[in-house]
Amino acid sequence: MEIDIKLAISAFVLGLGMSGVYFLLTVGLSLCYGLMRVISLDQFFYYALGAHITYTLINITGNFWLGLLTGVIAVLFIAYSIEKLIYRQIYKKPIMFSMILSFGVNLAGVGIIKYIWGLAPKPVKAPIGGTIPILGTDVPGYRVFVILLAILIYLGVWYFLNKTIVGTAVRAGIDDAEKVEALGINVYKLFTLTFILAASLSALAGGLHAPMIMVVPDMGLSITSFAFMVVIIGGLGSIKGTLISSFIVGQIVSFGSLIWAPLANIAPFILMLIVLLIKPTGLYGSKYLRR
Amino acid sequence: MRSGKRVLVFLLAIVLVAMLLPAIGMSADEPETFNLGVLLPLTGTFAAVAETQEEAILLAVDEVNEKGGLNMPWGKVKVEATVMDDEVDINVGVRRFRYLKEQGAHAVVGQVWAPLAMAINELCKKDPFPYFPVNVAPLESFKKGSLADCTFAAGYTPWTVGYMAGYAAINILGKKNIFFLSRSDAWGWDIGSGLEAACEKYGGTIVGSDEVAVGTSDFTTVLEKVKFVSPEVFISAQFGGDAIALIKQSYDMGLHNEMVIFNSFVTNVVAEGLPPEAREGLYGMHFFYHDLSGFEDQEVVKMAESYVEGYTEKYGGPPDAYATIAYIATTQLFEAVERAGSFEPEDIQKAIMDNPDFVCVKGPAKWRIDHQPIYDYAAFLVRGKGLDEQTSKWDFFEVIDALGGEEMYPSLESLGY
Amino acid sequence: MKLSKSMFFDRRYIIVVVFVVLYLLRYVLPEAFVLEVVIQSIYVMGCSFLIGRLGLVSFGQPVYLAAGAYGTAFYLYYVGTNPYIGILVGVLMGLMVSIVAGVFLVRLSSSYFTLSNLAFCAIGFFLLQKVLVKYTHGDNGLWFLSKIDSTVIIDLSTTKGIVYFSFLIAIGVWFLYDYLMDRSVFGAACLAVKINEEKLRFLGYNAFNVKWLAFVIANTTAALAGSLNAIYLGFVSPSIADVSKAVEAVAISMLGGAGTLFGPVAGVLIFIGLKDIISQIVSHWELVVGIMLVAIMIRGEKGIVGSLEGIVHKSITKNNNKPVSW
Amino acid sequence: MEDAFILKVNDISASYGQSKVLFGVSFNLGPHERIAIVGRNGAGKTTLLKCVAALLKPTSGFVVYEGEEITGRKPFEVARAGLKYVHQDKGVFQDLTVRENLKLSSYATGDYDWSKVFKYFPKLKILLDKKGAGLSGGEKQMLMIGRAILGSPKVLLLDEPTEGLAPGIVSDLATVFCELSENTALVIVDQNLSFISKIAQRVYGIKEGKMVVEISDTQEIQQASYSRFL
């Protein structure tokens, strides 16, 4: 099938929308890995929880934004307690502990969601309807909003990491947390902060994604492998890498499905394998991050 | 190493003792209960569907027991159901299937997921056992020699779904230019070949097609393609959660203004998961829609009504399409057992094949030689209602027409008979 | 090791004892459960070895399982009817896949190794489900149970025969791993890779070769389990390589105690047993299993067998010397 | 003499996983003293320093700093109290500029007076906006030490400060260390014996995880004759 220029433009914009959601979901994953050297599979639980709380709040108040905010705040508190109760105990253990532990948290969390909300898919209406013409193509307005918001969040995270002293400490910790501690900084506070930041961004991703897809307890599962690909292609621990790779993966998925839809599912995996074989630390992963 | 040898002797002794205690066969000829094994994917992708199927099966069991039980030559026999979860995993499913058998199940109903149904069918081929899968099974499994003698599938194949969708789009809605979005697995391909057969027969054209994987949540790029091709009708093979995402995104992108959106096999779960405005004007084939008011065959309307009433009373909501497949499978199993007067698979098979006509909650039907039921009303063509047309929580669709009969099924020759 | 020999009998006897006891469980527990435990234990063994003895965590185990299963399935569906040849073909297929994959994957550092195995698994799944659909029939799968010939001595066309055979194979596999782990230079070299790769290099060993060999052995074991599974079910479908099952093998390894000889058996026994029991009692078993997984990971980092052996050794030897691993 | 020591390390044993690394090591440090710990690769020097700085938990033994036991306390608390460890691998934060590296230390200690850093290492002033990854080995070491002396620590634990540095820089460092010890006690682990003979007031020898020798005789230190013990 010949690719029309109009189709290509819309594929590009829609790909950006996907990139936005991927970015929000993976930036936390990447930060957690970088700083604490944990792989936090429970981010997908926060993602699903954010979406479900958004759904419920819309039903009660009719306001999407309030739902989104409540979801993020609720997850913030849950993540805080999970970090204190569970993660604290495994920071010094090998990384696979965090994988299995967070896999358990995810399993239990999704179980709770199923218990509370049931299994049936739930509708969430997009708060911004209509389409916006971009270069002669109509693009759903809500997607454009998601793209803009993702850019805003990236700028915010960038500012936090580069212009604030706490963010500088986080960046230093990504390099070597022990050395940060040796300077006299309480790294555990940094860990808690990073974890709840990651979880709230995941919840935000879930809430934002809800109007585009269906809300089901297992919704995190279908996005897990994509999220991991984004993090790995970009390089674990690198925010810039995460941004660039979520852009790339979004575009590959988008253009892949334009050519032959099944490509969308496999092309990112192939890209990831190629990237790793050429540069074993991902595009922007620091080679000093050894673990 | 002396201690080691002593251990070996000890072990040998244990083995000997254990062999002297073989499990004594306890199979009585005239059991007092009929043990029904129910194996459904209660967790995993199909959990929402499986939940409704479990309800329907248990309803059928309750109804039989209220009548006193199954009418067997040696008296009334109560039915006892054991429910297990197959987790959409072949190993788990087969293991639990064998548990059910070891626990003395006389028959098993279940499976939404086709590969597991086929794996269990394979076991039943070697070791005959009454097995009634409740899914829409792939075309390949009905090829001659594939199904075990006592495996009866209450659903039909996706081929029929695709054929009916094509028939309805072309002959009833009068839309001849079709874009078909398949699912890249046996389900999608079978629907596709059914659709193609219908197009060939009734003069439709597939002007564009694509396929996406199960579990795809973002369809926007594909939908752009659909928009670009601008067909008269957009038929999709998506099911469950995928269908919700697809239809919602189609609505968001304004596809409903330019073409008819047709989800080939629609269910209430999908309707429930859609915002009302996206549901409005959506067409689809529904295996069984609970509100048949206005349908001409009054016989069917009455029968369906009493089933829906019983179901709603017990579970607080009407039965869905897949629940009804499960209900029909269970009731047909019971009928066959009663007619056979025996729990033996050979007798049950004979009872069904000797007397293949039956009447179920959605009208008359007939078991074909390939173990598919040919329904007079295989599916109902429905149109989604918007918010202002909706009168109650469960009022999702309006029934427009019904399709069925041998015409809608793949020919026996094509299946190797 | 000297110490443990004087305290216990030769560990090879323990292997036989464990499997004979497990075999006898057949008379108490459902046969399907016991058989599943044995086959899954063989599957997890390789994974546990990689984690515990080399520090390599692979999230791609299902793809090696699938290599074995499909090797066997292709042979039995398209070529012949002898299940023994089928198993052989499956193991060879697994060997080939892991040799090739090892060349690319083993050189990656740990987290990247873990996740590129995941990617490899996803690609394998995609190949089986979409690309090779002509041969694999996609999701419909291949069924061949009724094609399997009966064979002499141990008849693999009967479930009983498969049970016997699986137990014999399991004992063989455990003898092999017992040798690999604690009786050979190779086992020591593996541990050295885990602790300090640099220093192994100083000793004149090629760390890559050690890791690669371990990777091939471990994943061929997984393929063997896949072959047994295929013979048992008489059916394969691509779902065997599903990415969503990737964490399971690792979780079971950790649960049982990674790198211990009987960890996989204990882990599988508990994991499958728990799931089977809990799913009968509560409908949302994930919740319970998830919480237990968290609790086990926090409380006993050595896994069940790892913790047990510590206790046993302490009470017997009455000192704090770290016990050698069983 | 008791209170004359700011740091007392008592009978420390430690292990990595299953392998024991330290066996009952003890040493003392006076308030303005410069001591050196020498030993071969793998003798356990780094492990010892990490135990003292609370970055590693010893299996037995304890560390007393300013009359208080600090074993088992959090590493950042120990560092804030003025006992700082300087890592051996020239590990400045690669992604951070020199300015950010220093800022971080100021943030940790509340000491924003960088003049003493520039007094010892004027070169850092020119490098302020350069990223850590772009510094030379000597510059990295300057930054590491400069970073550590913010907050006026009472004890500095320096792990292999001269490793891989050019001889000129090493002799500069020796001068700096001598000046530093006016306010700070130093524990230096190094293999460069000529460097040690220039600065150390006392030398401990460590071999296979055990303290084998303690030398306070200036002449012996200058001749490095203790190396026969290692």
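Labels A, B, C and D are assigned to the chains in the order they are written; within every chain, residues are numbered from 1.
The rule is short, and it goes like this: contacts are C-beta pairs under 8 Å (C-beta built on N, C-alpha and C of every residue); 3 or more make two chains touch, one makes a residue touch a chain.
Every value quoted in this text rests on a predicted model; they were computed, and no experiment measured them.
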| item | value |
| --- | --- |
| Partner chains that chain C and chain D have in common | A |
| Furthest chain, CA centroid comparison against chain A | D |
| Comparison of A-D and A-C (more C-beta pairs in contact) | A-C |
| Separation of mean Cα positions, chain C and chain A [Å, integer] | 32 |
| Centre-of-Cα separation between chain D and chain B, whole angstrom | 73 |
| Whole-Å gap separating chain A and chain D, where each centre is the average of the chain's CA atoms | 41 |
| Chain centre separation in whole Å, for chain C relative to chain B (CA means) | 35 |
| In chain A, residues with contacts to at least two other chains | 114, 262, 265 |
| Multi-partner residues of chain C (at least 2 other chains) | 130, 284-286 |
| For chain D, residues contacting two or more additional chains | none |
| In the complex, chain A residues that touch chain D | 165, 168-169, 171-172, 174-176, 178-188, 286, 288 |
| For the chain A and chain B complex, residues of the former touching the latter | 1, 4, 6-7, 10-11, 14-15, 17-18, 114, 119-126, 129, 131, 138, 140, 142-143, 209, 211-214, 216, 218-219, 222-223, 253-255, 257-258, 260-262, 264-265 |
| Contacting residues of chain A [partner chain C, same complex] | 33, 39, 41, 86, 89-90, 93-97, 99-101, 103-112, 114-115, 221, 225, 228-229, 232, 236, 262, 265-266, 269-270, 272-273, 276-277, 280-282, 290-291 |
| Chain A contact footprint on chain D (complex, rising order) | 53, 55, 74-76, 79-80, 84-87, 91, 93-96, 100-101, 103-105, 107-109, 147-148, 151 |
| Partner chain A, residues of chain C touching it in the complex | 51, 55, 57, 104, 107-112, 114-116, 118-120, 122-123, 126, 130, 243-244, 247, 250-251, 254, 284-294, 297-298, 301 |
